[in-house]
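Each chain carries a letter (A, B and C) given by its place in the written order, and its residues are counted from 1.
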Amino acid sequence: MRSARKRAILGKVIVYLLLIIIAAAMITPFLWMFSAAIKSDREVFKMNPFVFIPKVPKWSNYLDIWTRIPFAKFVENTVFLTIVVTILQLLTSSFAAYSFAKLRFRYRNGLFLAYIATIAMPWQVYMVPQFILMRKMGLNDKLLAIICLQAFSAFGVFLMKQFYESIPDDLCEAARIDGLSEYQIYRKIMLPLSKPALATLIIFTFVNTWNDYLGPLIYLKTQEKKTIQLGLKMFISQYSSDYGLIMAGSMLSLIPVLIVFLCFQNYFVEGVANTGLKG
Amino acid sequence: MKKRIISLMMSAVLASMLAGCAAAAPAPAPAPAAEPAAEEAAAPEEAPAAEETAEADAGEPVTLKWAIWDESTTQYWGDIKAAYEAKNPNVKIEMVDLGSQDYMTVLATELSGSGSDFDVVTIKDVPGYATLVQKNAIIPLDDYISADGVDLSKYAGATDQVVVDGKLYELPFRNDFWVLFYNKDIFDAAGVDYPTNDMTWDEYDALARKVTDTSFGSQIYGAHYHTWRSTVQLCAVLDGKHTILDGNYDFMKPTYEMVLNQEKDGVCRKYTDLKTEGLHYSAAFSGGDVAMLNMGSWFIATMMTNLASGEYDPSLCGNWGIVKYPHAEGVEPGSTLGTITGLSVTTACDTPDAAWDFVKWVSGEEGAAVMASSGNFPAIMTDEVKAAITSLEGFPTDDASKEALNVSNLYLEVPYAANVSEINSILDSYHGSIMTGEMSIDEGIDAMNKEVSALQ
Amino acid sequence: MEKMTGISNSGQIEELQNALTQTIEKARHETDDRVKRKLFVQIENYNSRIDKLRSGRLISRQTRRNLVAYSFIAPNFIGFCVFTLIPIVFAFALAFMKWDGSNPISFEGFGNFGRLWSDTFFKAALKNTIIYCIGTVPLTMVASLALAIILNQKVFGRGIFRTLAFFPYVASLVAITSVWKLLFHPSKGPVNNILYTFFHVPQEELPQWFSGSLVVVSMILFSVWKYMGYYMVIYLAGLQGIPGELYEAAALDGAGTWNQFRYITWPQLSSTTFFVVVMLTINCFKIYDVAVMLAGGGSGELTVSATVLVYYIYQKAFIDWDLGYSSAIAMVLFLMVLVVTIIQFRGQARKEAA
């Protein structure tokens, strides 16, 4: 009996040790980033002794970044893009997914196969033809290009469809018998039920759009249209040795995503579990 | 059979798409083949009147969209625009900043196919120029040049090296050449004589080693090589016998040996460090621990502006000078590399005459004066231009620095060749492999030889 | 005549309606799901027939239903079709063409594919991509599974740990790679500094994290760190689907932690693991930005030891303007992904059959 308890305690200790090590590995780069962002360039690499917060913290780095590059403009563009893309993605995918999950119609399987097939298709495979096409449509160097690029992903439809399929059909049938139209069923029954899936989709879309680099790199050329990621990369290549500033900029770019994630994370595991993302 | 059907279907889809695209695009882009002929017919009649039209048509406003880079940190773009607009009130120049990082890539993307709305584009390097010419994105200027009687000899042969099949597609307005920047304070502190305008590579190497201080915490680097391929490979072509298009690169070996030995002995910063940090050469030199830096003359203007604005700390790099590029044994001092920056008129431009007038003006004497006023080197180098630059506030005052501007032989970094873009990619890649130590010098050079000759 | 139809119609309708009410009644009391579903189909059938007879409308109920369904799909599908499907078809066609984006296209047949085998850079890119996959997939899988198992237990601060583990996934690559590059800076970075000070690794032998053969290792380490939180969530979801009774029964039988894992957790998670492996592999094939940002330096150029397929696709397309060839490389990438996907479908089918 005693040895069993001992073993249980030992087990706990190991588990916590592991957890602490992993958590440390996860968080160290962020802490280091935070610390470097308030240091001067000379202090950044100083190791012996390492100080987490320097005696004279250079909070001014957080202010300087706004004047060195048009950071405010980048933030504005990114916020605009992310919000529009997320809303469009949510609406159109949940709409289409409802149809795929709950309605029977001609060519349903064929159409859905088209979606599935493109999920496995890396974007890079068709980015060139896509670019040529978009430019013909006059979308080059327009924020709208990124919206078109991101807002209609097959992934969103797939994710929402998987979730809707986990909602019993009887619910819809009952509603139909009660005389609700399909649009009403979608709005009054499905949408309120799909909060976890929507939250999951919000996190994915938000994170993807906010952090996208290659898309904006190809489509957005002029300074006034650039996003935070492009701006940050530009800043890094121009002021390569202003480590403090680079870290401050990076820090700022993380905050909105973290906020969104923290807001929706409660639904997240549930969302993943019910959307069949686990297989 | 099946395959054929599939491929047929694909071609059909593609063809219909393209047809759709072509129909959707507005008419102004004529078939490339017809272009030169139409140009020939039209140019002689119109072009002589171009100067008059520019002024006479004052009522008819023209907007020219011009592709540039780094508007905020480069002064002359704005200067040129202001000066040209003041002279031609009906023309509005609209600058579009594509950033310097991937400028030529972005530009080529912009100009592929039809549908671009750029009128005038700045050409940053020859590989990018080759791409645009091959894509029919820019038009030959020969008819305009002969009609307006532009004297190409002003450009001291630079234009000859970018002629494509007998046609010239750009006019240079800036002509930079490579010099050696040095930090006088470092030499003073070490009690070593300054570099001179007549140094062989061996003398340069010895000098770099002399000023180097490897003691931890107060490191002084005798030399600095930016991560570009040019900073190492191009030292080797200055004997005038080799070019970067040779297909056999054995001649680069001594230079690689020199640089890698310097790196090993702590004379210069490690390539891998530079690559990791992405350290910019300006940051390295203005940090005050680099004694000598081989770099293009564009950096002169950067130094002057940034020291004046307080961006660079004068106590670290305020006391600087330039000398001529080191030279190979038995070669005349003053042989150096040139990099031209040119302007081209796009195929998509619907007001080519106005665009040409702008190109002609910027690359002509008046444009040169504007360039020189901010310490930049125009493509037309005259003694007056040199005098104007050397007398600018902030230019090093010693005689050697003034003398350094006299170039005896100028070799283009990369002359034009049909597959110069591919050669460039190959050399870039193996330069990285050699410098990071992934390959030995011999392996790297062998690989370059093999890959480049496989292209032909 | 008209009247006749009217009468026979109303008779038919009544008949159908009776049948309908009966079926609905039956459906209400039916407990077997399969039978129930069949009944629903019948109900629908009756409904549509009645509807058709009653209204004599031109558009049948089914057509109307199709239209409603399409109206749901349309907003997404139109965008999807224009911006994804058409370019994909275009990309397939391009692989057999020669085009520089401006001049007329010419047909190339399989020439582009023939060039691949003698292309050193392509082979290097393919090799690096595969090595990266082989390194990243198992490591990420093991790490995320371990983390999920730990975090599925009742440990103190579980919520906080879960959130922390997800941070790297959420963080932008540009920002986070810049930190990694400073942390692993070959001569100044804290990591090498620790190796030097505490493990007395001589200065010349300090690892050059971002060049040579170590590049791929750095890329793997970074990817595991960044993406394990994401796969952890998927595993967590899988773990929560395992019935608790299984463990209770096993505990009664005296099975230890390891045996519980071996005989319950692992088999129960097989479908999750399958999904994770496939997703991981596909995402690994697509690697681009990690390589460019970790190993690319200021100019973003990759040497032979760091180049990956997507980078080469990008370079061939947007720098060398060899669009046909670039598409051919993309097709190779697509084929690799396709093979993995087919394996997944096969595996799932087998699982469902079992």
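FYI, a contact is a pair of C-beta atoms (placed from the backbone, for glycine too) under 8 Å apart; a residue touches a chain by one contact, two chains touch by 3 or more.
Remember, predicted model here, so these are calculated numbers, not experimental data.
Just the chain pair, please, that has the highest number of C-beta contacts.
Contact tally peaks for the chain pair A-C.
Please list the single chain whose C-alpha centre lies closest to the global protein C-alpha centre.
A
Which one of the chains is farthest from subunit A, going by Cα centres?
It is B whose centre lies farthest from that of subunit A.
Quick one: subunit B and subunit C, Cα centre-to-centre, how many Å?
Computed value for the inter-centroid distance: 43 Å.
Centre to centre, by mean C-alpha position, how many angstrom separate subunit A and subunit C?
So the centroids are 15 Å from each other.
If you average the CA atoms of subunit A and of subunit B, how many Å lie between those two points?
Result: the chain centres lie 39 Å from each other.
Residue numbers in subunit C touching 2 or more other chains?
86, 90, 94, 101, 182, 185, 188, 298, 318
Two or more other chains in contact with one residue: find those residues in subunit B.
Answer for subunit B, listing residues that touch two or more other chains: 101-102, 109, 112-113, 277-280.
Give me the residue numbers in subunit A that touch at least two other chains, ranges are fine.
Correct list: 132-133, 218, 233, 236-237, 240.
Where on subunit A is subunit B touching in the complex?
Spelled out, the residues of subunit A in touch with subunit B are 131-133, 135-136, 138, 140-141, 217-218, 221-223, 233-234, 236-241.
Please name which positions on subunit B make contact with subunit A in the complex.
The touching residues are 21, 24-25, 71, 73, 96-99, 101-102, 106, 109-110, 112-113, 115, 277-280, 283-284, 287.
Hey, which residues of subunit C end up touching subunit A in the complex?
37, 40, 65-66, 68-70, 72-73, 75-77, 79-80, 82-88, 90-91, 94, 101, 146-147, 150-151, 153, 155-156, 161-176, 178-180, 182-183, 185, 188-190, 193-194, 197, 225, 229, 233-238, 240-241, 257, 271-276, 282, 285-286, 288-289, 298, 310, 313-314, 317-318, 323, 326-327, 330-331, 333-334, 337-338, 340-341, 348
Applying the document's contact rule, which stretches of subunit A touch subunit C when the two form their complex?
Contact set of subunit A toward subunit C: 11, 15-16, 18-19, 22-23, 25-27, 29-30, 32-33, 36, 44-45, 47-48, 50, 91-93, 95-96, 98-100, 103-106, 108, 111, 114-115, 118, 120-130, 132-134, 148-149, 151-154, 156-157, 169, 173, 182-183, 186, 203, 207, 210-211, 213-214, 218, 228-229, 232-233, 236-237, 240, 243, 246-247, 249-251, 253-254, 257-258, 261-262, 265, 268-270, 272-273, 277-279.
In the complex formed with subunit B, which residues of subunit C make contact?
Those residues of subunit C that touch subunit B are 86, 89-90, 92-94, 96-97, 100-103, 105, 107, 109, 118, 120-121, 181-182, 184-188, 208-213, 297-305, 307, 315, 318-321.
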